[in-house]
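Chain lettering (A, B, C and D) follows the sequence in which the chains are written, and residue indices restart at 1 in each chain.
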């Protein structure tokens, strides 16, 4: 941590900072410049952050050096994390494909999408029973009935499933059905929910908030990790910008940055980022090329009748070519598609 | 609603849209242009939104005309809403001042801030027992003990109190202490929480989300109103932009826009918007000049020792002059400061 | 300046930085922390910036302390600048009103707007002969004929005039007609143009770029000042954000920030910021309340036939009440409207 | 175009719109809804845009259907444009690599970078003699001497060169040295400069502005095309967002969107987008995977001593592996690297 003093700070102002730091068990190194003095603090940053330094007379600015996250930081683990989901691993060694309906609307629609995903080579199925909608008048999901259909998708295909948990009160129920729970973008800073899933012994996928910085995203993961659950998969899904042609702007730089800053794997959701079917395949290819550990895409057997996000869902016949394309890119870059699970472990047992 | 057909749409494509709209009880007016055809839909917009129009062949775009919110819309009420909080009214007829500590840290700190606020002429006290913090390692609030101190602030000053409710599980408890509950910016789209406070018979202050559009903010209010609670006060607190010199960019245009679009009152929080003490007074004056129905500011007896957001808290001696200034602006524009309550109604009784 | 070393930096890496700084005539103070070492540099920051420090082994980050602008910085002048325009002063002691047509379309339209502005009490007239349009198919201005009409506006009202200069090749011509030249938002970083107006002995108004930080804006002013012309008036006109209800988001925090960082005066343009007539008056009042040294508004005798930005132009009958309102706010805050000029100095003489 | 009438519009208001449209040679189709009437306009959109419709009584909103650009639009050309630069083609059929120093600093530095680029397989060299710098105190380029060194780079390698033209006064000089001129992001809406390069018989690369929408970017290209020069290559280089870890946020969705909207080729500059060396290779791979027609990267023989943008320049030994990687991705997706030129055409002759 560095304390930048104001040009008008007096010797007493400087001494006051030094005393406070030393009282807290730290060391303070003073550099007196022509225009201003800066003080380098050496010791326990967390203790320094708690000190009332910002309001002291003569103090202009505090600059934090280093990053505030700990458990999810690269430094805390020698090797990248590998997260087992059913029989598949989400890891930096291979590219994982997650596919399925955005919302589970009917048994028929959901199973059709699940079969398409399986046939095309997906590793994990998605399908939501609880939907987060901007309007209270929009379709909000089938709730428990949706989870039952999810279980059918799982049983029929043998693939593990990911589904969103919206509310703290649903965590237990959703966890009894899901192989991996998803925290949506709008809930990225719902810290109560993060703490609840942090208590589970089950993987969690954490989507980046609509206007979250990468640092805030990793701090949200830290909330989960702090409760004891470090089986976290990050998911980049676009950030809010001024550009109106896409729903959000996919920030692919986040992938290599997360790989440097954290040991967690990171996947990309091009469907929700763009909101446009025709952009899903090119962005999925780009995600794999930038180094993502997986992609997640929406599929709908009849997108034109979808109750939620139809314009972004891939048609059944588009899924196979997309996976073939990303397999080719993955292969070219020496990080192949993930292998497939051989049998599911029991869920909710 | 307007359906814009693709330049390549066939007569059949157009007929399919017309049929679907008529089947849903609406009328469809077709305008054939040189380059493309557009179809105007007349009838119940909500039914049209639910139709699978976006995915139909030949359909390029759906343009919604009008606004999606209903209960909170200007059209639904002949007169602007006036929200009683303790003995004060939050309304478009007068400017209300809310002041107090950001977080309740100790009894002494909170009561000192409450006395300062009362002496300077504030109408409502603020003070939080539950804090939403980006880092799990930061101070998270005193919880129940904080609410007890809040009750002391109320008892000693006779002023009503506003405090944040973070979690659905705390709604009942917080409501038993607060005269008005606050939903924070990060929870603006925590729809479960919105529904819970929508069931209360108690006013709710709804802060604008960090990256929420004005329309999304009003839709969040709609979630509350839909449960039966229309005693809602909106609070603008800045939006996330690229400018690094302030924590957020205060969007004062939101005030007159909300006044046009909705019957709800809207106040402004310059403390959290800017994150800088020296900007609070000028932005508070601007908020009143733009037509805000109130302001909310942080006070701390010793900002340099604050456990949360110290750099933005006003010092005790700054509160009186700020209120004098906004009273002068309010007076000059013919919308005076609000009157004061004469005795509190019982809370939690 | 502070050099933050990587956690893996060696003693040699640190020594290399120290040597380079000392060779450049500076001093380097080393603070060795448990996790990393930071080095405080004391001496001439400009020289340090030019050093190849960022690429040296073991160097993680360079943190600049202090601001990069000089001539326009508060520190460079004991008193705030006051800029004479015709017989009016733009300064922090009074509020100046600039009004007139966005574009000069016809002699009749421009003179009508000028008379309205004069009658309502404006101090300076605006009117553009050259327009910056996103589309090459839109009205681009009357060019020289527009400047001649501007001269008529000036002659008839006796008020000084501000007009935009778009191209370097027009600087001389525009300067022979204008009392103060304006650099538009899209040209804020057209450094060739900034240098050209920097060579004039005539005031310049510099609008903030659409996505410029406050620091970049002041650096653009520095380009002008560096050529010898320090008669600069800054103009905040909104920044680009994700909110679609206004053309841009007016950033009123910029006004008190500029007042702290620089000695230059700063005015606000609510017409171009919002793009909506009904927001102009409330935002103009807010601008004065936040401390702006003036406002600039568009007027059109028949906004419904305007060739450019009609939806934001005030109608004739709206100008008087707006100026009365801001006069009341200005009065209430102890900074009155500016006085009026008594006769113009010759232009272009 | 669609005219949305206010809920309070009268029959007369509607009739007035219809008359005005018919007088302008168009047709107006009226759809009367329960809440409001909408009017579909059929005919010449450009004429409708010029009508004073937005200010008419009862008119709420005008919604433009379709896109405002023409010459650069997909509809105006049956086949995608292919732009010859030296002996190379920039086209949708192959991936072109542009590499070289950001700024030309010395003959030695520039030639070293040119040789590295050539050896690694680049098709076109970059190198700037004129630099656009936020600070007037930063290195501004070698000007004419820089162009002479550029000519040496070209002569020694036999590769064509791209260089930025900053000012209208330099267009002729720069064009006499460059095979393709570049318009920088800050100049994207310098319409005078766009018009000047539009008069040349030489390709132009147009970078997207820092906060330009895709539509504004294509409208800027339209300015060039309208002057007769349609040899335009678009270049995506990141947009300004709130995320501080990268200089800008690379918007790769822009690539497939441009391919749908326009016949022009589009390349990607990951060096300036990210500002960080370690992100250049992953983003370059992603650019190729998303379908870009080329990439442009900065190289510096000694990035740690660079006078401009050193932290983003690739080291010499990083260039070959990057090009090998993108060749593999390109190959995997069936769009190979571009072929190489066999001899340069004369420049400036």
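Note that in this section contacts are C-beta pairs under 8 Å (C-beta built on N, C-alpha and C of every residue); 3 or more make two chains touch, one makes a residue touch a chain.
Keep in mind it's a predicted model, so treat the numbers as computed, not measured.
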Chains touching both subunit A and subunit B: C, D
Chain pair with the higher count of C-beta pairs in contact (A-C, B-C): B-C
Chain centre separation in whole Å, for subunit C relative to subunit A (CA means): 40
Centre-of-Cα separation between subunit D and subunit C, whole angstrom: 28
Euclidean distance of C-alpha centroids - subunit B vs subunit C, Å: 32
Residues of subunit D touching at least two other chains: 211, 240-242, 244
Touch-based graph of the chains, sorted into line, ring, star, complete or other: complete
Complex contact set, residues of subunit D against subunit C: 46, 50, 52, 54-56, 68, 132-137, 166-169, 186-187, 189-192, 210-211, 216, 219, 222-223, 226, 240, 302-307, 310-311
Touch list for subunit A against partner subunit C, complex: 2, 4, 7, 27, 29-36, 38, 40-44, 61, 63, 65-66, 75, 240-242, 244
Residues of subunit A that touch subunit D when the two form their complex: 211, 213-215, 239, 241-246, 249-253, 255-257, 260, 273-274, 278-279, 282-283, 285-291, 325, 328-329, 331-333
